[in-house]
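Before anything else, here is the set of structures, which you'll find just below.
One chain, chain A, appears in both complexes that follow, with chain B as partner in the first and chain C in the second.
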Partner chain A sequence: MHNGFKHTLIILVPLLIVFAALPGVYQNHLLLFNFVIFLILAQGVNIIYGFTGYLPFGYVGFFGAGAYGFAVMVMHFQTPAVAAVLVAGLVGIALGLLLTPLLRLTGAYFAIANLAASLAVLHLVANPALENITKGPYGVSLTGTFNPSFAYDAALVVLAITLGGVIYLRNSSFGLALQAVREDAVSAAMAGVDVVKMRVIAWLASALVAGLAGGVYAWYVSVFYPDNVFSGEFSIFAIVFALFGGVATILGPIVGVIILYGIYNLIGFTTPQYFQLVYGLLIMGLVLFLPAGLMSLATRRGWHVP
Partner chain B sequence: MSLETTPILDVNRLVKRFGGFTALDGLSFHVVPGEILGLVGPNGSGKTTAINVISGLYSPDGGGVIFEGRAVGGVASHRLVHRGINRTFQVPKPFMSLSVRENVEVALAYGRADGVPPAIDALLEEYRLADVAKRPAADLNSAQQKMLDLTRALATAPRLLLLDELAAGLNPAELDWIADRIKALAAKGMAIIVVEHLMGFIEHITDRVIVMNAGKEIFEGKLAAAVKEPQVIEVFLGGEHAA
Partner chain C sequence: MLSYALIAGVLFGLYFSLVGIGLNLVFGVMRIVNLAHGDTIMLGAFIALGVVTLAGIDPLFAVPLAFVVFLLAGVLLYWVLVPRLQGSSNPEMLSIILFFGLSQVIEAVTTIFAGTSERSIQSRLLGTVFTTIKVKWFGGTPGRGGPIQILGQGFPAPWVIAAVTSLIAIALVYLYLYRTRLGTLTRAVMSRRDEAFATGIDVDRVSAVAFGIGLGLAAISGVFAPFMFGSITPAFGADATVTSFAIVVLGSLGNPLGTALGGIVYGVCYMLVQTYLSSWADLLPYVLLILILLLRPSGLLGRRVRVA
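Moving on to the complex of A and B:
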C-alpha cells in the first residue's frame, strides 16, 4: 500500500503535529478542540456519504448517543474516561446496527428517515422519565473526569484513527468497491461485490467515528444538555464542510473544515452582524458553481487529488 | 464444432410473475459449455426477464435454474458471479465516476475468478479501452460503455456469460469485430447466451436459438429453420392471419 503510506506521511502526520502543537501557541483551546471534532465528523460523513452515497442528515444521532454513552458510564459506573470513550464508540455502533434497515432507503428518503431517527434518540435521552439514567432534560455534569487537555489528546487519537480509515478507503480495493456500490448497486453485485455487506460496514464505521467523537466531546465539555449534543448543527456543519471540500477524497473534508469553520469563526468574531449573510452566500455559491467541492477544481484538470 | 453434451445451465419450467403479469410461463432450455445460444422473440416475450432470473436479479416464482449441477434460482447475484455466471446490461451500467480501469479493477478484486484471473491490460487492449483507461467511465460513448460492461463481466472469468443486446447500436464494422470476440470466447469453452434483435448477427454467431413468446419457448433449433415455422412468423409479424 505505497500510496496509503504516502498519504499518511503527507496528510495525517502533519495535520496531527499541527493540532498537537497549536494549544501551546494559541489560547482558544475550545476553538481548537471544535476544529478537531469537525475534522472527525466531516471524515465520518465522508465515509458514509462520499464512499457509499447515503446522506446522513441525522448524523448527530450517533454523536449525541456517544456523548450520553460516555456520560452514563462515568455517572453510574465511575468508568475511567478513556474506557468510557470506547463505550461511546460501541454505543454509536449499536445505534448504527439498530438503524441498518434505513439502508433500504435511498436519496432524500434515507436522509429524512435518518433525521427522524436522530430526533427519536434525542427525545428518548431527554425524556424526564429516564432521569435516573440520563438525567433527562436537566443535563449532565461530569466533574469527576473533567480534563480538557487529556480530552483534546483523545480527540487527536480519534482523528488519527478516522483519517487512517479514510486513507485506507482511498487506496484499497475495498474503498473502490464501496464507490462502485454508490455508483450502481446492480453492476457492483455483477462485479462480485456483496452490496448489503459493504453498505452495512461503511454505515457502522461511520457510526463508530461519530460515537467516539461524541464520547470525547462529552469528556471535554463535561457539562451539557441533550439539546447541545444532539444539535442539528453538528450534522449540517459536518455535511457542508465535507461537501465544500469534496467528498470521496482524503483532503477534501479537511480543507472544507479549515476554510469554512475558519471563516465561520472569523466572521463570528469580527462582523457578527453579517455572519449569516456571508455564510449563506458562500454555501449558495458552492452549490451553484462547485457542486463536487473545491477538490473538483483540481480533478477537472485531470490532477489526482489524494 | 464439437460441443460437450453435459449442460452447464439447465432452466426448467421457469415461472416469473410481476403482479398479475406472467413474464416467464414455464420456460425450459439448456446450454452446454462452448455453445452460443440465441434468445429471440418480440418485445415483452420475456428474454431479458429470463436473463435477470438466471443472473440472480429476480427470484423465480416457480421452476428451477441448475448451474453446473447446483440449484441457483434465487441465489444473490454476487454469489452467482463467484460461481461463474456473469452478464452485460441492455443499457450499460458502468461505475460512472470511477475510471475505466477502476471499473475493471473492482471486478478483478471481488469477482473471485477461478484459476488465473485475466490480465487487466490485455483485457482493456482487447476491447479497445486501453486508450481511455484513465478516463472516468462517464466520458465514454455508448458503444465503449457496452465494451466496458463486457470487460467488467469477463474480469470475473465467467463460465456462463449472458449478453443482453450487446450488439444494438454498434456499426457494421464493430458488429463483425464483436462477433469474432464472442466466438473466440465460446471456442475457449465459455457458454454464452445472446439476447438480440439483430437477426443477421444472431444467425452469424449462434449455434442454436430459442424463440420465445409470452414467456414460453415456441421454437428451438437453427435460426434458418425458425424463420420457416408458421408459429414463429405469426409471432414476429403479428396478427392471426399472418401464417
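Moving on to the complex of A and C:
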C-alpha cells in the first residue's frame, strides 16, 4: 500500500485543502459545492465504469433516490441532517441491490436498462398518487435543516471517502481483479476471481457514493423538485467528465471535472443553446479523437498516471 | 371502452413500430446505439411543419421528402463518424456517448433556429390530398374530414393515416431485407459482421445504406409526431429515444421485424394503461423495458440471449 499512501498525500489531501479553503476567498459557494458534487459523481462513475466497464447511463437514479431519502427522513422523522445523509447512502445501496439483476445484462443493454430504471424511479417519486410521502411533483422544502456551510463540509467528507475508495481500487489487488473482469470475465473467472461478487461490490460502492452525494445535495439546496435531482444532466456530466479525463485512474476524473465544468461555467449560463451546441461538439470530438481520455496522452508517452 | 382502447392501441402500435424500426435497423447492422434517434424524429416533424407553413400543402408530401433528405444525411454521417468509431476499443459503449453528443448538437441547432415554443399542425390538413383527388376524379363535395369509423367507433383520421403509412413502410423494409440483393447482404452483416467482411461483402457500403434507411424511417415517423402527440418542441427527442428503446427491446434488439410486434404490444399496453390507470401511465415504458430486459433479454422474437 505504499503507492496508496503516496496517492493520498499528493492527490487527496491537496484537493481537499484547496476546496476547504476556497469558500473563504471565492464568493460563489454554490458553484464550489457543485464542483465537489461533480467530483464525487465522476469518481462514482469511475468506480463502476472505469473498473468494471458497466456504463451507468441512469446514474442519477441513485443520486435522486439519495436526495429523496434525505428529504423523507427529515420531513417525516425529523432526523438530524447527518443521520439523514447516512440514510441517503443506505437508500442508494438499497436501490443498487434492487437493480443488481441488471448486471446480468451487458454493453448497451445495461446502459439502457439503467437509464430506464432511473426514469422509473423519477416517475415513481414524482407521482401525484404518492404525494403524502414524497410530495409528488410539487417538490420538497427542508428549511429546518438548511445549513449550507455544514453541508459543504459534509460534501468534502463524502469526496474524501470516495477518493479514498478509488485510491484503494487503483492500488489493490481487488481493483486489479476488477479490471481483469472488465477486460475478459471468463479468463478472470478461470484465474480464480469471483466475478459476480466483484461486480456487485463495485456496483454497490458506486451506488453508495451517489446516494451520499444526493443526500448532501438535498441538505445544501433544501428546496428541490423531482426534475432537479433526477435531471439526466447529472448522469451525462458525470460520465463525460470521467471519460474526458480518463477512467480507471485517480487523476483523470478530477482533471475532467475541473476543466470541463470550468468551461461549462465560463460559457454556460448566458446562452444555453450555444452552450449545448459547444458541449455536444466537444463530446463528439472527445469520442472520435481521444476515446481513452486526456490521461491517455500521458500514458502513450510511457508516463505513469496515478 | 375496452374495444376502443384495443383498436386505438393497435393504431398507435403500428405507428410506434415505425418510430422504433429505424433504431433497431441501425443497432442490428452496426451494433451502434443511436441516441440521436429521437432527434431525427423531431427533425422529421419540423420538415412536416416546414412543408405546411412554406408550401401550404398536405403534410403527407413531407413523407418522401423527409425520407430522401435523411437517407442522404445518414449515408454522409455514416462516413464521417462510424469508421473512426469502429476502430476504437469499445465501439458499442462509445457510440452511446458519441450519439448523445450528436443529439445535443441537433437539439441545440434546432432550438437556435426554431425557439423552444410548442408547435402543432392542424390535424385536418393531413390527408387533404385524398379528398382533393376524390373531388377531382369522382366529383362530389369535399367532406368535413371527420373521424374514421372502425368497428362502429370513431377514430381521428391522422391516427389511421399514420398507422397505414407505418404498415406500408414496414412492408417495404421487409421487401428490402428479404427480396433485394442489398437486403440479403444487410442481413448477412447483421448476423456476423466479421464473417460477412471475410466473404468479401462491402460491409461499409451496406452499413451506410442501412444507417441512411434507419434515419429516413425515423424522419418519416417524425412527420406524424405532431398529430400523434399533439405538439412538438426541440426537446422532444430525448423522450422519443427512450420510448423507441422500450419498443425495440420489447420486440428484440437486432431484429427489425420484431419491432413491429413490439410496437403493437407497446401501443396496446399504452392505451390500456391510459384508459384505466392514467396516473401511472408515465411509468409504463420504463417498467416494461426493465421487465423485458430481465425476464427475456432477447425480446419477444429474439434468437440469441445476451447474458454475461
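Before moving on, here are some points about what is shown:
Basically, the second predicted complex is superposed on the first by the 299 of 306 C-alpha atoms of A that agree within 3 Å, B and C clash if a C-alpha of one lies under 4 Å from a C-alpha of the other, contacts with A are read in each partner's own complex, and residues count from 1 in each chain.
Operating definition for what follows: a residue touches a chain if its C-beta (ideal position, glycine included) is under 8 Å from a C-beta of that chain, and two chains touch if they have at least 3 such contacts.
Values in this document were obtained by computation on a predicted structure and should not be read as measured data.
Taken together through their common chain A, the two structures put chain B and chain C side by side without a clash.
After overlaying the two complexes on the shared chain, residue contacts for A:A20 are found with neither chain B nor chain C. Look at A:A129: by the touch rule set out above, it reaches chain C but stays clear of chain B. Annotation for chain A, partner touching more residues between chain B and chain C: C. When the shared chain is aligned, chain C comes close enough to touch A:I239, but chain B does not.
In the superposed model, A:V287 makes contact with chain C only, not with chain B. In the superposition on chain A, A:P101 makes contact with chain C only, not with chain B. Look at A:M190: by the touch rule set out above, it reaches chain B but stays clear of chain C. Once chain A of one complex is fitted onto chain A of the other, the partner contacts of A:I10 are absent, as it touches neither chain B nor chain C.
Using C-alpha centres, the superposed arrangement gives chain A a vertex angle toward chain B and chain C of 80 degrees, stated as a multiple of 10.
Note on the superposed arrangement: chain B and chain C approach each other to a least C-alpha distance of 10 Å.
On chain A, the surface touched by chain B in one complex and the surface touched by chain C in the other have no residue in common.
Across the interface of their complex, chain A is touched by residues 27, 33, 81, 84-85, 88-90, 92-98, 100-109, 111-112, 238, 242, 245-246, 249, 253, 279-280, 282-283, 285-287, 289-290, 293-294, 297, 306-308 of chain C. Across the complex, chain A meets chain B through its residues 173, 176-177, 179-180, 183-184, 186-195, 248. Interface residues of chain A, counted against chain C in their complex, comprise 53, 55, 57, 101-109, 111-113, 115-117, 119-120, 123-124, 127-129, 185, 232, 236, 239-240, 243, 273-277, 279-284, 286-288, 291-292. The part of chain B that touches chain A in the complex is made up of residues 55-57, 76-78, 81-82, 86-87, 89, 93-98, 102-103, 105-107, 109-112, 149, 152-153, 155-156.
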